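Structures follow.
Common to both upcoming complexes is subunit A, partnered first by subunit B, then by subunit C.
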Partner chain A sequence: MATITSDNHGLRLAVRYAVLVLIAVIFIFPLVFMLISSLKPDAQLLADTSSLKAFLPVGDISFNNYSAAFKRAPVGLFILNSVIVTGVTVVLSLIVCSSAAFVFVFVNWQGRDLILTIILATLIVPFETIAIPLLLISSKLPWIGLDGLTWGWLNSYHVQIIPFVADGLTIYLFVQYFKDLPGELIEAARVEGASWFAIYRRIVMPLAGPVLATAAILKFLAMYNQYLWPLMVVQEEGYRPVMVGLQYFFQLNVVWGEVMAYLSLITLPVLAFYLYLQKAFIASIASTGVKG
Partner chain B sequence: MASKFTRSNGTGWLMAGPAAFLIFCFVILPFIAAIGLSFTNQRLVSPNPTEFTGLANYSQLLGMGMLHLDPVKDDAGNLVLDDAGQPKLPELRSFTRHNKDYPGIDGMRELFSFASGEGRTYVLARDVVFMKAILNTFIFVIVVAPLQGGLALCLALLINQRLRGINVFRAIYFMPVVVSIVVVSLLWRFIYDGQSGLLNNLLGALSFGTLPRIDWLGNASTALGAIIAMSVWQAVGFHMVIWLSGLQTISPTLYEAAAIEGASKWQTFRYITWPGLRNTAVLVLVVITMQAFGLFSQIDVMTKGGPLDSTQTIVFQAIQRGYGKQDISGGSAISVILFVIVLSVSLIQRWLTREKV
Partner chain C sequence: MAAITLKGLKKSYGTAHVIKGVDIDIDDGEFVVFVGPSGCGKSTLLRMIAGLEDITSGELTISGRVVNDLPPKDRGVAMVFQSYAIFPHMTVRENVAFGLTIAGASKAEKEEKVGEAARILQMEHLLDRRPSQLSGGQRQRVAIGRAIVRKPQVFLFDEPLSNLDAALRMDMRLEIGKLHQQLGATMIYVTHDQVEAMTLADKIVVLKDGLVQQIGSPMELYHNPANLFVAGFLGSPSMNFLDVDVKGVNGQKILVSNAALDPVEITAKTTGYTVGGKAKLGVRPQYLTPVESGGMLHGSVALTERLGAETVVELTMKDGNRLIAALARDAVFPIGAELGLTFDPAQTHIFAL
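Entry: the complex of A and B
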């Protein structure tokens, strides 16, 4: 082994950082390209791809592509739709899955083990394998809304929300977390005469911060980035989420600057959110990996 | 907890009921429906009643046959040569189109063929596109699983160092994971473009213009590879984090012991790190495999299965038929086939990676 002198220590450190930076460039350049290109008119955008100018805000820089994007498609509506669908699903999912996990872990009831086993078994069914029959089922389900009883869920918010409220992974995450909570605490509360609902609300949920963050982040990413399902079930503009709204930019003449502006608009909020809560995001992915 | 204080059937069903009901309606029921529908001719909207058709969808999708053809000989027994001077073979179509002597291969097309004896042997398939979709999906899984898992491990080891600012790099490597695959696919269409693509410009600059420009997605021999590279780029950060959480469960005292014993870096990895990552490795492998079999969005945004069906995949076929052509039964049959494949592969993986006593 080489002796460590201050000289080659400094060199090694420099090499390490050089490797880290090079890899960082590979991961970040398409996103920088997206953002920079959204500020350029198409002729310049295409010409700049032949040099490093593609990544620099030089030349004819403006927000014209953004205003053109809003004129071409109802961008605000798409974002609103995505926010509604994602937000409602995340909230409902946290309530439904945490209360299910609560009774799976703390309450002793008939059928508990069987139901939990079946729910966990659904983890091996990829969504892609049930998408087609789910489309058929959704097209025939009844719904009671403002116009009374209607048949078929296609073209609505609820068709994008309800099938995704409960899922095996979220329930699994809550179950794993609740198992580590002190069970004696719950039993003591029971002996004191607290109702189950009070125990859930007053004792368990206040302790569930980390797992709530994990489940919310995973659900948020899955819902906001959803593509296949809304592509099939939403044909009407009024309910389209952002990823499907992208199609508007490929009808008739494609203006790449507008495409990049739209991509930036729908991606930057998520990236900002991620960078702000970076530790929680990474912890949430990591917690799906730790198995007992 | 078996205490009588924790017993309550009413509470159990009340609080688990909504989740159980939703999972039954939107996961289990469609799953059972997929199996049932695959034996019918159900369409999304149809004036005709649905009929039971048995295994017709499966034989249509999976039907295969073989045919050996000998060269044509003239009346004197000599080989007939074609314009290129090669022995002339009878036309394949004359056997597979309405030939009463070969009912088993009626309507099939050539999947591939090879020379055998004096003639050629043809492997035929009833649905050549679907066979290519299965093949492409397997290629994708077999390349992506080790590549993505391996690169993710390298990144995790790199990020696991104690260096100032390492968290910034971790955050950047993870960034593509939070970006929608649809957005990523569109950006990479620009990178792979045949004329002004960033990749061509970069390769051109590095080689001083000697490398030819390649239309990465428009070329049957490069399209699937291009999609593989992009998919790995997008998802590798996800598995880096899972490896990282595995690395952090390994006790630092083991590393200290190895350092005292004078173990080399490789020995430390081979005898301490890798055994400590066993469970993580199985998890990463199983998760990547399951995700890879679902390959759809990249294909839909970038190539639509082309060029020349070189990027057709099982899920893309299922959606194209079940939704595009509104053939619910055909799409369901493909879904069932996919599920059987995913289940078999994950059972094999679990068996291969089982704890050996």
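Entry: the complex of A and C
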């Protein structure tokens, strides 16, 4: 049987780190390629793709692609739209889905398991299959806003937000996490006189940090990457999110440097959000065994 | 006043009947211990009183009020859990004050009551700590503090000491006893530890398979067990049971013997014995005395456990059965040595089969 000695311990560590570094490099290179390419004119960008230069800031480096990208499309508006739609959806989703999961896990009621099963079953339904019916419904729904009662939700923020607030995956994440919380904490709170809402607010949610981070990141990514649905329901530029905005760069002449500049710009909010929640996200995956 | 009555209380999960009709009267200020082996339904019964389990049928009253359908918060009870169940994200102060916060108490009132509870439980110095910074015993104090701060009519303890080590368990046991004297509240305590039951209880309820086996004071149960189960469950080491033949019946006087036991006359508390019938004779290990010669019981020493103040001897009897004797001094018996034992027939218990 192999044994670990002080001699081979160092070697083992070196091999382990080498493998981890390789995996890290595989994941980081596309990002590096995107950032570096966004600084190069197209001729050099295309020439460099055949060598390692593609990953190095060498040659004719400038921010020209960025200024061109801003001229070609209202980048700031698209990012703002995406941030509004994504941010509001994430916040509402965390509130709605955690409340739903709370009721599924802690409150006893008739038909609870059946309804949870139905909600979880929706996980296997691809969005594309419900997109058309959802479009038909959304186009006819009433809305009370600043302009009073209007019919049809198209060309708005709420048409991009409301259909995605509640979803099976987020509810499932919360259900799994809540099931692992010690039941006696909830019972102790009940005996102490807490209402269900007080238990949710004062006991369960303060202990749900890791799953809140996981659910927030997954929801953020799903919402930020929305393409098909906003393409269907938003015709006005004023409500378009970043992914739909990408179309502006494939009309007429395609300048890859500008595409890369635009992609770099719209990737920044995602990276910032992920790095902010990274610690909690990893803790949650480690504790729940749920892979993101 | 917080008297509690359980009338025909039943609990079923589908076809599984966990509590099969329990009647218990608990007086105001009484310390009642539910005791029994794992799965006997003692914790379920406690949770039914707390309102954490629905009552399938029967009637539960607290202070003369039927509370079957009331939620836990409206029953005037506080509960201490086996796992302590203190909230990990709150400080000790916030934990103890939780019930008061929920009830909308003012800051000054909370400070005063939390301070008083902390003083009673000697944990003033812990108030600003988090549960993760506390030892098991300290966590248990916090759990008890949270229970006493609201001054409930009834305290429910669900095996509160089973996660503590032996020394701490004894300290906390004494403290809970003192707390009962201090507060004078009705307390119901669930345990499978008979020492806790014997030392704390005014009244013990012995449960088995969802049924009450006997209710009475600790000494009443110890000296007059109603059945074989109670006789075997209370007392450490457990009571010895000898399979005996009934040789003669004269009113309450029953003459019994077996291969290892010389004929002896026992006064029975019940009737139903017939000559030639079988019975179980119960003898507590502490009531067996070794004799130099003769003796009523004979066997060879199989094992000795010397505990200093007493010596527990396991004997293999002539009929192959096992007998435990707890001798009140340090003694050395070589393995295999023949030993004769005697006992006072008045200190035995006979159960008809």
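Here is the rule we go by: the second predicted complex is superposed on the first by the 229 of 292 C-alpha atoms of A that agree within 3 Å, B and C clash if a C-alpha of one lies under 4 Å from a C-alpha of the other, contacts with A are read in each partner's own complex, and residues count from 1 in each chain.
Note that a residue touches a chain if its C-beta (ideal position, glycine included) is under 8 Å from a C-beta of that chain, and two chains touch if they have at least 3 such contacts.
Note that the structure is a prediction, hence the values are computed from the model and not measured.
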>> With both structures fitted on chain A, tell me whether subunit B or subunit C touches more of subunit A's residues.
In response: B
> Touching A:Asp60, do we find subunit B (first), subunit C (second), both, or neither?
Replying inline: neither
> Who does A:Ser99 touch here: subunit B (first), subunit C (second), both, or neither?
Replying inline: first
>> Per the contact definition in the header, classify A:Thr122: touching subunit B only (first), subunit C only (second), both, or neither.
In response: first
>> Once chain A of both complexes is superposed, is A:Ala198 in touch with subunit B (first), subunit C (second), both, or neither?
In response: second
>> Contact-wise, after the overlay, does A:Arg190 reach subunit B, subunit C, both or neither (first, second, both, neither)?
In response: both
> Of the two partner chains, subunit B (first) and subunit C (second), which one does A:Asp180 touch, if any: first, second, both, or neither?
Replying inline: neither
> Looking at the overlay, does A:Val107 come into contact with subunit B only (first), subunit C only (second), both, or neither?
Replying inline: first
> Between subunit B and subunit C, which residues of subunit A are contacted by each of them?
Replying inline: 187, 190-191
>> Under the stated contact criterion, what part of subunit A meets subunit C in this complex?
In response: 182, 184-185, 187-195, 198, 203, 206-207
> Residues of subunit B touching subunit A in their complex?
Replying inline: 1-3, 5-9, 11-13, 15-16, 18-20, 22-23, 25-31, 33-34, 37, 42, 44, 155, 158, 161, 163, 166-167, 169-184, 186-188, 190-191, 196-198, 201, 233, 237-238, 241-242, 244-246, 249, 279-280, 283-284, 290, 293-294, 296-297, 300, 315, 318-319, 322-323, 328, 331-332, 334-336, 338-339, 342-343, 346
>> Help me check something: in the complex, which residues belonging to subunit A touch subunit B?
In response: 13, 16-17, 19-20, 23-24, 26-31, 33-34, 46, 49-51, 54, 96-97, 99-100, 102-104, 106-112, 115, 118-119, 122, 124-137, 139, 162-168, 171, 183, 186-187, 190-191, 196, 200, 221, 224-225, 227-228, 231-232, 243, 246, 256, 259, 263, 266-267, 270-271, 274-275, 278, 281-282, 285-291
> Which residues of subunit C touch subunit A in the complex?
Replying inline: 50-52, 71-73, 77-79, 81-83, 85-89, 98-99, 102-103, 146, 150
